[in-house]
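Look for chain A in each of the two complexes below; its partner is chain B in the first and chain C in the second.
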Partner chain A sequence: MKIVGITACIAGIAHTYMAAANLKKFAKKENCEIKIETQGAMGIENELTQAEIDEADVVIFAVDTTVQNEDRFNEKKILEVGTSKVVKDGKATIQDAIKLAKGE
Partner chain B sequence: MNDKIGEFISEKNIVLNLGALNQSDAIQKLATVLKKNGYIDDVLAFQNDVLEREKASTTGIGNELAIPHGKSTHVIQTTMMFARNEEGIEWNSLDGSKVKNIFLMAVSPEDKGNEHLKMLATLSGELMDDDFVEAIKKADSKENILKILQKRGNER
Partner chain C sequence: MSGFKGEMKKLAAYFQTGVSYMIPLVTAAGLLTSIAVIFGGNSVWNETSTIWGNLRLLGQTGLTFIVPMIAAYIAFAIADRPGLAPAFIVGLIASNMGTGFLGGMLVGILVGYSAKWLKKIPMPANLQSVKSLIIIPFLATLIIGLLLIYVIGTPIQAMTTFLTAWLKGMSGANAVLMAGILGAMMAVDMGGPINKIAYAFGMAAFTSGGYQASTAMLMAIGIPPLGMFVATLLGGKKLYSEQEIESGRSALVMGIVGITEGTIPFAVADPVRVIPSIIVGTSLGCAVNGFFGTYQKTALSTVMAIPFSSNWILYTIAILVGVFTVAILTNLLKKFTKSSIESEE
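Presenting the complex of A and B:
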């Protein structure tokens, strides 16, 4: 299972990076490959390539604000959640994403 | 880019036995230390900016931890403070726990993509690591807390 995602919070200081870390942590536990692009106070980092997006089984938007360059994700299966939910329960977010990818 | 947490903070950035009665008091006490150390120029204005952010959504991330943060024009230099409060403070936490460990982040709006922001991003990521959080919660001296922060920063 390949997952890509975007994390972005309002201030772009803490939750963007906590959500990214938690998604990576729980994706690893579920044996998923994951790459997260952070859109925070330092701008876009770890930017996803179009090829990585195209290859992904599912996309996670863990965001409290608008996603930059959202048109890259046209026609992808997207799970959208707030950053706080991902910080609180990253495991549930990854499991929901897997379900979405499998069409369950 | 340098993200070594230990290079940006010293024992001056750590307060044990904060003795705060509530959330607002905790932030004010920490803001007072920041002012004294020259990181902010106005205690009440900075406190207000942090509480405004808190209104948008809680920074009580669970596990007795909170990470209040303010991007404020009253910040002279971006930094962070760690504080321990013996009594748990009500913080509207995601898991309902009362807060005993506080990382306060003070961010200047002028900062974009610099190493101080990188340090805060690194620290934020570390807070999702159960081992890191347990070590911080158990540490009982400024020296030990600083050591944990420095060690983690260096590994990244």
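Presenting the complex of A and C:
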């Protein structure tokens, strides 16, 4: 399964990157391919290409703010959560995303 | 997301986007102004013949962008690019009218939603570029600008004046309570959404001269990370891993420069003991400062604001009360419930 995601918190210095790290960690455990774009205080890093977005089975928005360039994700299945939930329990987020992708 | 609750949640995300773009402005401008006053003295306010006068000029100019910037990026969050320019223009008007932070937020919402609505108006395809480049920015600025100037500006101005008077007049038990609540809110999620609500409230108070509230909020920023640094010092290797002691050192730096997020590694590792401790300690420190009635008029956080506080001894005592409460409480909780930590692992 392929997952892409965006993380963004308010100050853009801690939660953004911790949420990204946690998503990667638990996606690996579930044998999912994952790429996370961070929209933090440094701006957009590790930017997702349109091809990567099109190929993905599901999108995770772990954000407390609004997502920049959200129109890239039209028509995709999107799981929206807050960053602190992902930092606390990344496993549940990945599992929810897999469920959403499978349409359960 | 649907319904009223979904709409409220979205609105919160819009506000938070605005605040997230504004934070670097406040820190850069606040630092410059403060450095100028530290080294140049009070004479910097009226001159630009020295380097300190010019630093003050840079900082002070930056601070005047608080209101336009919050307006612009709230509108940007709602309507994307078309919302940005109109909200900058109308936001600056709001700032000049003295409507403060409240006015900025309202302008952001109004411009954002009107631009979003204008985007939806159907137009022939060959007019699309004209629409996004000319029609939306022009109409949104015109409509919301005039609405602000002729209709809503005066009531918001009155409200801001009222709020300022209320905040300034606050004293005794009320001031202590407000400081305590702001402190607790700043600590509870260490830089998350609740922290930023308190931050926005504190900045709103700051822009309209309610320094008691802004002091409490700003003081709270550094207490959790500093507290955890002291906790690792006091607790040593008995209570903390090598890595946590290392995190404690970076928490010291983050505490001094004012990044509450420095506490997160500790809170993630042991939320049940760390989070209640930082809430209690931060809240207590701010409440003690509220009790003293000490305030400072810069946008600087905890430690960096010490030289500018109205009474630096009392102000420092309040910080220390907060920091040591955090540290001691965390360590006591860790000590007396240590067996359960090990069983968790």
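We adopt the following convention: the second predicted complex is superposed on the first by the 104 of 104 C-alpha atoms of A that agree within 3 Å, B and C clash if a C-alpha of one lies under 4 Å from a C-alpha of the other, contacts with A are read in each partner's own complex, and residues count from 1 in each chain.
Please note the rule applied: contacts are C-beta pairs under 8 Å (C-beta built on N, C-alpha and C of every residue); 3 or more make two chains touch, one makes a residue touch a chain.
Nothing here was measured: the structure is a model prediction, and the numbers come from that model.
Engineer: Using the superposition on chain A, decide if chain B and chain C clash or fit.
Structural biologist: Clash - chain B and chain C, as placed by superposing on chain A, overlap.
Engineer: May I ask you to decide whether A:Ala20 touches chain B, chain C, both, or neither, giving the answer as first, second, both or neither?
Structural biologist: So A:Ala20 only meets chain B here.
Engineer: Name the contact category of A:Thr66: first (chain B only), second (chain C only), both, or neither.
Structural biologist: Touch partner of A:Thr66: chain C, not chain B.
Engineer: Considering only the touch criterion stated at the top, classify A:Met42 as touching first (chain B), second (chain C), both, or neither.
Structural biologist: Touch status of A:Met42: first partner only.
Engineer: Can you give me the overlap between the chain B contact set and the chain C contact set on chain A?
Structural biologist: Common interface on chain A, chain B vs chain C: 10-11, 13-15, 18, 41, 64, 82, 84, 87-88.
Engineer: Note which residues of chain A are touching chain C in the complex, please.
Structural biologist: Residues of chain A touching chain C: 8-15, 18, 41, 63-66, 80, 82-84, 87-88.
Engineer: Over in the complex, which chain A residues touch chain B? Could you list them?
Structural biologist: Contact set of chain A toward chain B: 10-11, 13-18, 20-22, 25, 38, 40-43, 64, 82, 84, 87-88, 90.
Engineer: Name, in rising order, each residue of chain C that touches chain A in their complex.
Structural biologist: The touching residues are 1, 13-14, 16-17, 19-20, 23-24, 77-78, 189-193, 195-196, 259, 261, 264, 268, 271.
Engineer: Considering the complex alone, what residue numbers of chain B touch chain A?
Structural biologist: 53, 56-59, 61-62, 67, 69, 71, 94-95, 105, 107, 111-113, 117-118, 120-122, 124-129
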